[in-house]
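Contents: one structure, followed by commentary.
In order of appearance the chains are A, B, C and D, and numbering begins at 1 in each one.
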Amino acid sequence: MILPDPLFRMDSISKRYGGVIALKDATIAIRPAAIHAVLGENGAGKSTLIKIMAGVTAPDEGRMVLEGKDVSFSSPAVANNLGIVSVFQELSLIPDLSVADNIVISKPPRRLGMIDRRAQRLIAEEALARAGASDIHPLSLVRDLPLSRRQMVEIAKALARKPRLMILDEATSALTKSDVEKVFSVLKRLRSEGLALVYISHRMHEIAELADDCTVFRNGRSIESYRAGTKTDQQVVELMIGREYKSVFPAKPGPQTKQAPVLSCRGLSWGERLVDITFDASPGEIIGVGGLDGQGQRELLLAMFGVLRDVRGDLLIGGRSVHLSSPKEAKSAPTSIALVPEDRKTEGLMLPMTVRENISIAALGNVSRSGIIDRSAEAASIDELLKLLAIKAATIDMPVSSLSGGNQQKVVIAKWLMNRPHIILLNDPTRGIDVGTKQEIYQLLRKLADGGAAIIFYSTDYDELVGCCDRVLVMYDGTIIRTLEGDEINERELVGSALNITADAVAQRTIK
Amino acid sequence: MTVSHGEWRFWYDLHKGTLLAAMLFVGMFVIYASNHPAGFTPNVIQTASNKATLLAFVAMAQCLVVITAGIDLSAGMVLVLCNCLASWLVVGTPLQTGLGIVAVLVTGLACGALNGVIIIFGRLQPIVTTIATSAIFFGLALLLRPTPGGSVNETLADAFTSKLFGVLPTSLVVLAATILLVWLPFSRSVYGRAAYAAGSAESAAFMSGMPLKRAKLSAYSLAGLLSAIGGLYLTFFSYTGEAAYASGNAYTLYSIAAVVLGGVSLAGGKGSAIGAVFGALAFRTIGDLLFVFDLDPLWQPLFQGLVLMLAISVGAIGLARVRNRLDWFQ
Amino acid sequence: EPKVVAGPAADPGCMTPWASDTQFLQYPKKEGPYRIALANGYIANTWRIQMVQTAKAYAAQPDVKAKLKEFKVVSTGEDVPAQISAINNFIDAGYDAIVVNAQNPTAFGPVIKRAKEAGVVLVAFDNTLDTKDAINVNVDQKGLGVTWAEWLVKHLPKGGKILEVRGVAGTSVDTDRHNGIKETLAASGKKFDVTEVVGKWDDGVAQKATADAIATNGPFDGITAQGGDTGVVQAMIDAKHPYVPFGGETENGFRKLCAAHAGDGLVCSSAGTGPAQVAVAIKTAIAALEGQVVPQAVKLPTALVSHPDFKKDQDYYPEQSDNFFVGNSFPTCGINFTAQEIMGQTKENQ
Amino acid sequence: MSEGASSMRRSIVPMRLRGKDPAVLIAFACILLLLLCGSLYSSNFFSPAYLLQQLKVASFLGVIATGMMMVILLGQIDLSVPWTVTAGAMMACAATAYGTSGSLFAVPFGIACGAAVGLLNGFAVAYLRIPSMIVTLATNAVVQGLMVVYTGGFSPQDSASAAMRFLATGYIIPSVPNGVLVWLVVGIVTVLLLTRTTYGRSLYAIGNRERAAYLSGIDTRQVTLLAFVASGALSALGGVLLAGYASKASQSMGDAYLLPAIAAVVLGGTHVLGGRGSYLGTVAGVILITLLQSILSVMQIEEAGRQLIYGVVIVAMLLLYGRQKRE
């Protein structure tokens, strides 16, 4: 695809990290007033490209041209000053500062050399409004916001810088559908105002809705650029993964005779965040948890994992009432619960430690005798898991931080599988994971369920809930407002119950 | 600061630590003053405030560095070094004295900047770096004052340690002025904000293009400056200079205690120098309590230790209210 | 406030003037009983603990107790301003006399002024104050150094290699003693080659420093140490260093070793500044309050015992701990504590 | 990704597998350099007697630094070392006063007292979640207070027992002081603990990310508590050895060990913020610090110069290899 006069062009960019080739001969051209989607598997080099574009890292080779002039960025600030602003995949907010502080962070308004807090607040309010997030109070600390709100702040922060080229690297991965819609309308408006936008997402339907141009990356190379709509999804995915592509979701077993529940919640409550949660989970079942983000799903998983204090109501495991007061108790033999947490970088992994140490950390008891680790037994178990999950790691003695995000996620899952759990709780396990890997994870979940595990699976992605789950609990305001089963599990019902409105209303809205 | 209606909650959240420290101090001081044989007189307050300001300056210095998630184990030695230097320079005619004060302050600034430069550009960990530089600063102090001695412009010294209008201790006024002239401008400047950001989430701050290096450098330099003010005050207070290893170390450790009592998070990114000042005042009051409780001298160190233990445990009370155990790990 | 009068002091046997030109003072007489305070600095070393215990024991003696309404001790640690504030507080609280072991002899100018204005008698001991406006109860620190060095000069007629283990750098006590040693050795006209190490008046530190010095610069012909002497001898023994003449402090452990190994060549002179000087200071303060004539600077005798005079159970106590200072009585002042009385007293009281 | 993966194998793996941290190698090189510098001053510096004597002196710091390292690996710090060392020494000596059974139990009793201090630290850090830097500072003050009360309130019996003297200065193996053997044993146990046991893994895991470790079902509080107990016990063991060496306990004997212990651990390449570091590095750091102090002590430089050189050399060594990688 040849563009007449792009706003920004990157030519033959290469970047190596030590021996790792992150980008090789990558080329991309971005025109104004358009949304340019960048697609690719995990580790394809998208984030690296973005980091170079935004001045976070410097390329080893290649050149960058902004409006016909060669440019190079020594720091993010330089790129910002030229109007290139990005919303990074790893959030770049300062948790201990207020939302307003964060929004004006790179260029706060000043009076007499000091930051003018009143002006700053006005700017913040305006930016939040533009991002469609005026419900966020500019004085609240970022630390106190849930992830989805933080991502809205991140977007507002980028907007406040009045960019010419705005980059969003998986900026919507933590957002709920309604937020995504808000963001999309903002993005579309920005496009109409002449902004150039670069958009990275692993969600195909988002790209279908937004993109004008697309570039596919694979193994650090830019494979092809094309106008949106000129290829089918099937073709795009095959470009990305470089092989043929079949249906994403494994077949559901369909209705079966239910076994006795292995886990039951009876009137589980926690403060005001969880109210009277009651449901059963049987071996072999994949139970989805849906709803808008922040309706208590996270707390529900944590409550079942023994993290929350003063949980009222009953939790029955294998029919016996248990009182869990720590993850250690939750994971130990009779209960045997596993939790794949929300944020793999801070809750799932010890990034600088090796793959070996990470995978075996939750199941050290299985491979040790009286506290001494049997290294060969450990290696054997790990090998098995690496194969089962197809984790791409050169050796198990490399730091887990040098794996790609998708592989890191698989490590988190592997570490719990090593403990052979009966009950697996997953908190949005496929966030930021490419289609190929997602597919592997879905298949794995089904395999685990068939092997007799009960799986409880929270996701922000409705497609996933629809495709994977035997039952979906939709949560609203800390309680389960609906349980969907069988054919009821479809996007319309999900959205409808998530917003706590009747299906008819949704239908009307959809028609409109 | 103007707080519009309904937003006090955010303000309170932000200043909780400082308020707690202020309450702790007021509580302890009331116990002290109301049991003092001489009562709540200007003299008693002057004595207490003279002693406390010294630590308050070092605590402010420590606070600046701690906010960036660093630590300055050389703060006490900068104080000692500046004390020794001042005992040479802050004497003579008003002009000489003035120049001497400037020289001492510049020296403190330079010590802080040296720490900053090594830590930032050498990419070293603050704890060890400042352990090493504190040896250097102490060596210099010993060169200046192999034995205690020297003198200071006594008129000036008396002026700085006496009372304004017979009631208000000058040292408190100087302390307030320092907060006003050093801390407030810094905390509201771009560098100040970057210092908080560096302590809170360094890589995020870098991604946002904040001037991290300059912010940290200014935090360390200002810390040196504040310690130097402390050293100057020590000179005013004692009329001499002394290269005292033990008291240098003691000030460093006390300043950490003061900062924690003042609600500043040792992990960085949270707290304010005003809190640290209250922390210092509270910490000093612990020592003062010895006067009003008639304790066997041999039990006094234990008493002080226990009160400190108690004071820092106050922070742990909130823990009982944590209902999500993950909040332990913030 | 006090009048400068002609000598001698009311109790000339105890309160000998420091020098021939020392002034004699007479404070206005106050009616007893008195409120006296002891403002101590550092407390966590043996000497200071022994000193505090002696002070308490002295104040509890019936004849002293009768004169005191209150005797209060505060230890403020190593921080000079804290000690200054403590004294200020005592002044504000209306104490009649304050006895001080100063953390820094030069740092108390402002307090001295204030005490004078308030008519409070200030008596400094051990680390005395550089002033004419307070009473100093002094041990001749430099004289100690001279004593030790003279001992070495006497036993090493041909000169030789000396190890000098110093105290805490930067303190006036260390400097005075060091100067005494240095000047005496230089004045002897013999060739002494001195290796200095820092022992910080602490056995462990001194022992390590000595071991280092022996390994790299040894062997030595004579040793002098101003504290931590037990450790120094221990290091000699560990390194199988020959026993040599030694001029040192008055720790019981050191004296025990001296007595045991004198025959092998460890001939010692043990001289020091007993913690009981606090009692002299209190005594002086009371005398001043009573309106008696006192010297502005009192010179205390040093507690000196040299080979071959070490007497068991008088100059050293084989059954007792190593860790206290034996020279603890000033008979001319009627102060006769043995170390055992001081250190043992509270145990019995309990 | 085959291209990337295979090159990654070459570049990262060998380094990690060999387990050789460049910091440790350079630290050992610095030790040689220091000895060379020393030998310019006196040829005795390369003599076995001097080296063994340095090792003996280093063993005290080594034992103390071992505990410090465990705590630093957690991302914490133990500032109560000075008085824990002293308390260990004093309590061991105190036990000696109680006849034969007393001197039999002197060593374990001293260590147990240190462990008790550690227990207090660990409880406050792990269960009350007070930052270790301040808790241990307060504990240090409390223990100091207790020791002052103890030594002032009782007639101090502070001669080391024969066993303590033997432990510190005796010889089981000719010409290798027992103190060094004690350090060796402590070191071997620590290496095994850190590399071969679930406890060691948990320690590193918590140091890297406590939240993740907790969610992996590690009892992070217990692990933290135990690390502080170990640190307290090892500090006290250091104190016992010191008391054995000096044949008595004295008040300020621990003061000289706090900052050197931290410096030694960090000079040995352990990350102050936790999670990374090897025991071999700590050994190197301890020897470095001990040698540096010894050389400065015998070189007849004024105290001022000594402090200056000490500071400058440490900064220089850190700059040589202690630099953190850029993010």
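Please note the rule applied: a contact is a pair of C-beta atoms (placed from the backbone, for glycine too) under 8 Å apart; a residue touches a chain by one contact, two chains touch by 3 or more.
Values in this document were obtained by computation on a predicted structure and should not be read as measured data.
Taking the CA centroid of chain B as reference, the farthest chain centroid is that of A. One inter-chain figure worth recording: chain A and chain D are separated by 43 Å, centre to centre, where each centre is the mean of the chain's CA atoms. Rounded to a whole number, the gap between the C-alpha centres of chain C and chain D is 35 angstrom.
Chain B and chain D have Cα centroids lying 30 Å from one another. Among the residues of chain A, those touching two or more other chains are numbered 307, 326, 347. Among all residues of chain C, those that touch two or more other chains are 43-44, 49, 52, 169-170.
Residue positions of chain D touching 2 or more other chains, listed in rising order: 144, 148, 152-153, 211, 214-215, 303-304. The full set of touching chain pairs reads A-B, A-D, B-C, B-D, C-D. Against chain B, in their complex, chain C makes its touches with residues 38, 40, 42-44, 49, 52, 56, 72-82, 84-86, 88-89, 92-94, 103-110, 168-172, 175. Only residues 36-38, 41, 43-44, 47-48, 50-51, 54, 142, 145-150, 154, 157-158, 161, 234, 237-240, 242-247, 250-251, 287-288, 290-291, 294, 297-298, 300-301 of chain B touch chain C when the two sit together in their complex. Contacts from chain B toward chain D in the complex involve residues 71, 73, 118, 122-125, 127-129, 131-140, 142-143, 146, 202-203, 206, 253, 256-257, 260, 266-267, 298-306, 308-309, 312-313, 315-316, 319, 325-326, 328-329. Of all the residues in chain B, the ones that touch chain A in their complex are 7, 10-11, 13-14, 185, 188-190, 193, 196-197, 199-201, 203-210, 269-270, 322-326, 330. Residues of chain D that touch chain A in their complex: 1, 3-13, 16-17, 196-199, 201-202, 204-205, 208-209, 211-219, 275-276.
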